[in-house]
Amino acid sequence: MATTSSTPSGPAADPAPSVLTLQCADQPGIVAAVANLIADSGGNIANADQHTDRESSVFLQRIEVDGPVDWAAFDRGLAELVERFGMQWALHRPGTRARVAIACSGELYCAADLLNRVELGELDIDVVALVSDKEAAAPLAARHGVPFVHVGGGLSGEERATQEAAFASALDELAPDLVVLARYMRILPEAITVAWSGRMINIHHSFLPAFPGAKPYHRAHQRGVKLIGATAHYVTAELDAGPIIAQGVATVTHRDEVEDLVRKGRDVERKTLADAVRLHLEYRVLVWDNRTCVFA
Amino acid sequence: MATTSSTPSGPAADPAPSVLTLQCADQPGIVAAVANLIADSGGNIANADQHTDRESSVFLQRIEVDGPVDWAAFDRGLAELVERFGMQWALHRPGTRARVAIACSGELYCAADLLNRVELGELDIDVVALVSDKEAAAPLAARHGVPFVHVGGGLSGEERATQEAAFASALDELAPDLVVLARYMRILPEAITVAWSGRMINIHHSFLPAFPGAKPYHRAHQRGVKLIGATAHYVTAELDAGPIIAQGVATVTHRDEVEDLVRKGRDVERKTLADAVRLHLEYRVLVWDNRTCVFA
Amino acid sequence: MATTSSTPSGPAADPAPSVLTLQCADQPGIVAAVANLIADSGGNIANADQHTDRESSVFLQRIEVDGPVDWAAFDRGLAELVERFGMQWALHRPGTRARVAIACSGELYCAADLLNRVELGELDIDVVALVSDKEAAAPLAARHGVPFVHVGGGLSGEERATQEAAFASALDELAPDLVVLARYMRILPEAITVAWSGRMINIHHSFLPAFPGAKPYHRAHQRGVKLIGATAHYVTAELDAGPIIAQGVATVTHRDEVEDLVRKGRDVERKTLADAVRLHLEYRVLVWDNRTCVFA
Amino acid sequence: MATTSSTPSGPAADPAPSVLTLQCADQPGIVAAVANLIADSGGNIANADQHTDRESSVFLQRIEVDGPVDWAAFDRGLAELVERFGMQWALHRPGTRARVAIACSGELYCAADLLNRVELGELDIDVVALVSDKEAAAPLAARHGVPFVHVGGGLSGEERATQEAAFASALDELAPDLVVLARYMRILPEAITVAWSGRMINIHHSFLPAFPGAKPYHRAHQRGVKLIGATAHYVTAELDAGPIIAQGVATVTHRDEVEDLVRKGRDVERKTLADAVRLHLEYRVLVWDNRTCVFA
């Protein structure tokens, strides 16, 4: 959870609510203190959701604030609470669209689905670029009027290093708020996963933790499972082991060949990834202890 | 939502949290006022969930309170808030098990499922009686050591009136906290539905509002649907039109005859009814405007 | 079920199987007779599925035939069986892509989804035109390189008649194998529904038979349901009452406003419609008695 | 799939259909040959389902036969086909109820659910015994009038060997058609898994292959998954790696503690196990290559 704030000063009624997210060690009085801060600043709690994790005694909260808030007063009061409770926090003011980079390889359906949703107004974001290690993805970017960045290269040795550096540089230059790995089939070096921690979402085509790594549909078919799934998660250094945001499922039968699993799975992947991206962009996902709180 | 309180006086640490539910017209400052009351009474908010209905501007909240609460002080403060905000409220202290009456007719599987869950410790309730218009239900009650009340009689004319009066009297005498209609196949007179408003849950074997009334599985088969369902709802004067608490679903195909729909539906009904009963008994269901808020 | 055949003569190994579908009154010996015909013609049964409807005593079967079939011999033998058993049948030879017309109004997401699937190779069809009563749909057609046909006009009186005539003419001229109503929000005159019987699929945004007609999401929200759905069905003269091909479902809660139901519903509609189109194009859907047999 | 037959001789109309299951290497003419056999013996194909596994070229079929079959003629003809095609087969005549042994340990909910279904007439079987390593299961058996067999003993060393021998002996003496491990929490010695191959069904409380072995709900909670599941499978020598018959799923959120996963999982386990038992007893499950064909 980034702890950045971009609060302009002065009271003003917002068209959409602001979102405050916070987490800290559980202590008595947090809810009252935060509610008072909002009320004293002239705000109204349009929506609130909270969770206390029993094992780790962590308190997590997401609050939508509207009304004529005096943001300068709010900022001063919040600083006190942050000090007092040892909070991690983030305040998201409405009005700026998230800048999102989408990365894909040869399979375009997840990236196409996201771009389609943007086109239809379902996802209200700026796609800063479609980034791919495959030239074949370029026409998709063109069709949607989105910049295309090619970061090609081989899978081993120096070529691989060059490829990884190109990908890292591309992201650094684009500086998006969020990177979506929409079937980007490269294992990332640790440095990239650290740099984009909590801001990079991947879709994996299995029910994690079943079938991490390569060719999950083949392995699912081989194992004769009756359900397949997809998992959207934040990327961490360990492959396919980051905090899970969303999972989807489809039933399969003995009639389904590997290509049927792929076909059914595509629909699950698209939906699961789009859900996770929306949840993240609405600041509904808080992470602690390699797990997520999803205030849906 | 009943607005009764059974608050003993004096501070004491409870083993389980107390649950406060409330609803009122949406106004600024409610959350802060309630949070302050709890904090000032020595309590801690173990869990909280809230919702504001946009159309009707109704605010609804459910709070779990633990810690060494001074309940006398809490009661005084709550009375003020109730006055100030025009709240409907209920406070549920731990320690007493809900007294539940289960009613059924010839089909026993829903009643048997609930009794089985009580036996297994999944539902922590006292079943005060199994009430039925069919003698055939008696052995089920006996097997679980539960009192059986027979309220038989014909379906029309004077016999029907007698039957309805017997059912009403039985409930009045049992005076349960909740009545569960577990496939009780009688249309209730309005007086009973009014007397038990918000405290009587029915299971209907279709996706309401599709197929209200009799023989929904037959009609679903006739219509050739690909999904069947079940609906648990509070009983109101209008048949199968009360606030919906939970709905479940199962897929069907052309291979499924009516009896297969019945078989598949039984599993959905059992699960949906048991879920609704649990949600109600944990004070997770608030009703307004013939709809439910389910703080799951 | 059309009973047309386009069987060229002479034995030849096909790259993909041919599909034979048939239905008739249930009688002993049908399966053996058909299996013998295929074996005697040099074919192999790559796949077979059958169903006997108990109430109406109708036998329905779908068979995939491959191998070096002598189609002339097959045709002669089939003619005998058709005579003997009183069969309705259809034989679908591989090699020609279905010609599909897609119709939409102002909401483009279902049409866009189908076109996207064609673009990605998920649906192997020729889209002969995007037909709409709204000019606003034109750019979508352009983006996918598909002809656009505008069939505009008012909702009442002479304008309505003109609009309906334009739509009927457009379909007649396009002469597609299948018409997909991808949120085409016009009530069709009976003549069109008869002309395209069994070859026109509609998506309705509710669990039929709940909420037929207009604004189902608004009515679902008003009713407080916990599950919403979508239904793909063949169009018949009676509005939203045709044979159901596929239904999908999504869970909703009290937090979901009408626009959330719309958002969640869009994903269900897209998927349910695409499934129904695929099932139809693979000759997996047989209709009898206003119901469908879906050999999935 | 056992290849035993219990065919009495002489023609007779059966009240319920007989079920023939078979599998062999895929070859042209099998379907016709079997259909002819049935027709020539005076039978009718009430239902048929088949599958050809592409990778292994195995053909599998399940046929329901009714009508006035001359079973002696049928047997002679079948023997020829078995020889000709190298078939594995089984013929199940109606009229005898399956004899089933249920095994459990301390958690009784799966066993109780099966016994409840028998009581309600949902499962038409004879429960020959409830077998358990825990005395605490005895009252459950008593309540349903089912013999109880205690096979207790320690988890290691000689005590373990004694326990395993007692379990093996109990099954040998009971000689059931099917053994259901309804949360029997012992790892079985290979000899037992071999002896009951294809006739012993286990319920595992996770989506296999995720979380095999102990404490899957704890591990699922730790991993922060958003879906949990249950898997019913035939028991093989390798722990939790046998052919999967059925899988079920439930959604979970960050609010769900381990005990909530357990609670939600119980409903999935019960349903998944009962489904698998029913499918097996209706001869709908064929096994090849450690996978199942489920003709549902």
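Think of it as A, B, C and D in the order they're written, each chain with its own count starting at 1.
The rule is simple: a residue touches a chain if its C-beta (ideal position, glycine included) is under 8 Å from a C-beta of that chain, and two chains touch if they have at least 3 such contacts.
Source: prediction; values computed, not measured.
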item: Any chain in contact with chain B as well as chain D; value: A, C
item: Pair exhibiting more inter-chain C-beta contacts, A-B or B-C; value: B-C
item: Separation of mean Cα positions, chain B and chain A [Å, integer]; value: 37
item: CA centroid of chain B to CA centroid of chain C, Å; value: 42
item: Residues of chain B touching at least two other chains; value: 51, 255, 296
item: Touch-based graph of the chains, sorted into line, ring, star, complete or other; value: complete
item: Of all residues in chain D, those that touch chain C in their complex; value: 28-29, 31-32, 35-36, 38-39, 44-52, 67
item: Chain D - residues contacting chain A, complex; value: 51, 53-54, 207-211, 223-227, 229, 243-247, 249, 253-255, 257, 290-294, 296
item: Chain B partner contacts - residues on chain D that touch it in the complex; value: 108-109, 112-113, 116, 119-120, 122, 143, 255, 263, 266-267, 271, 274, 296
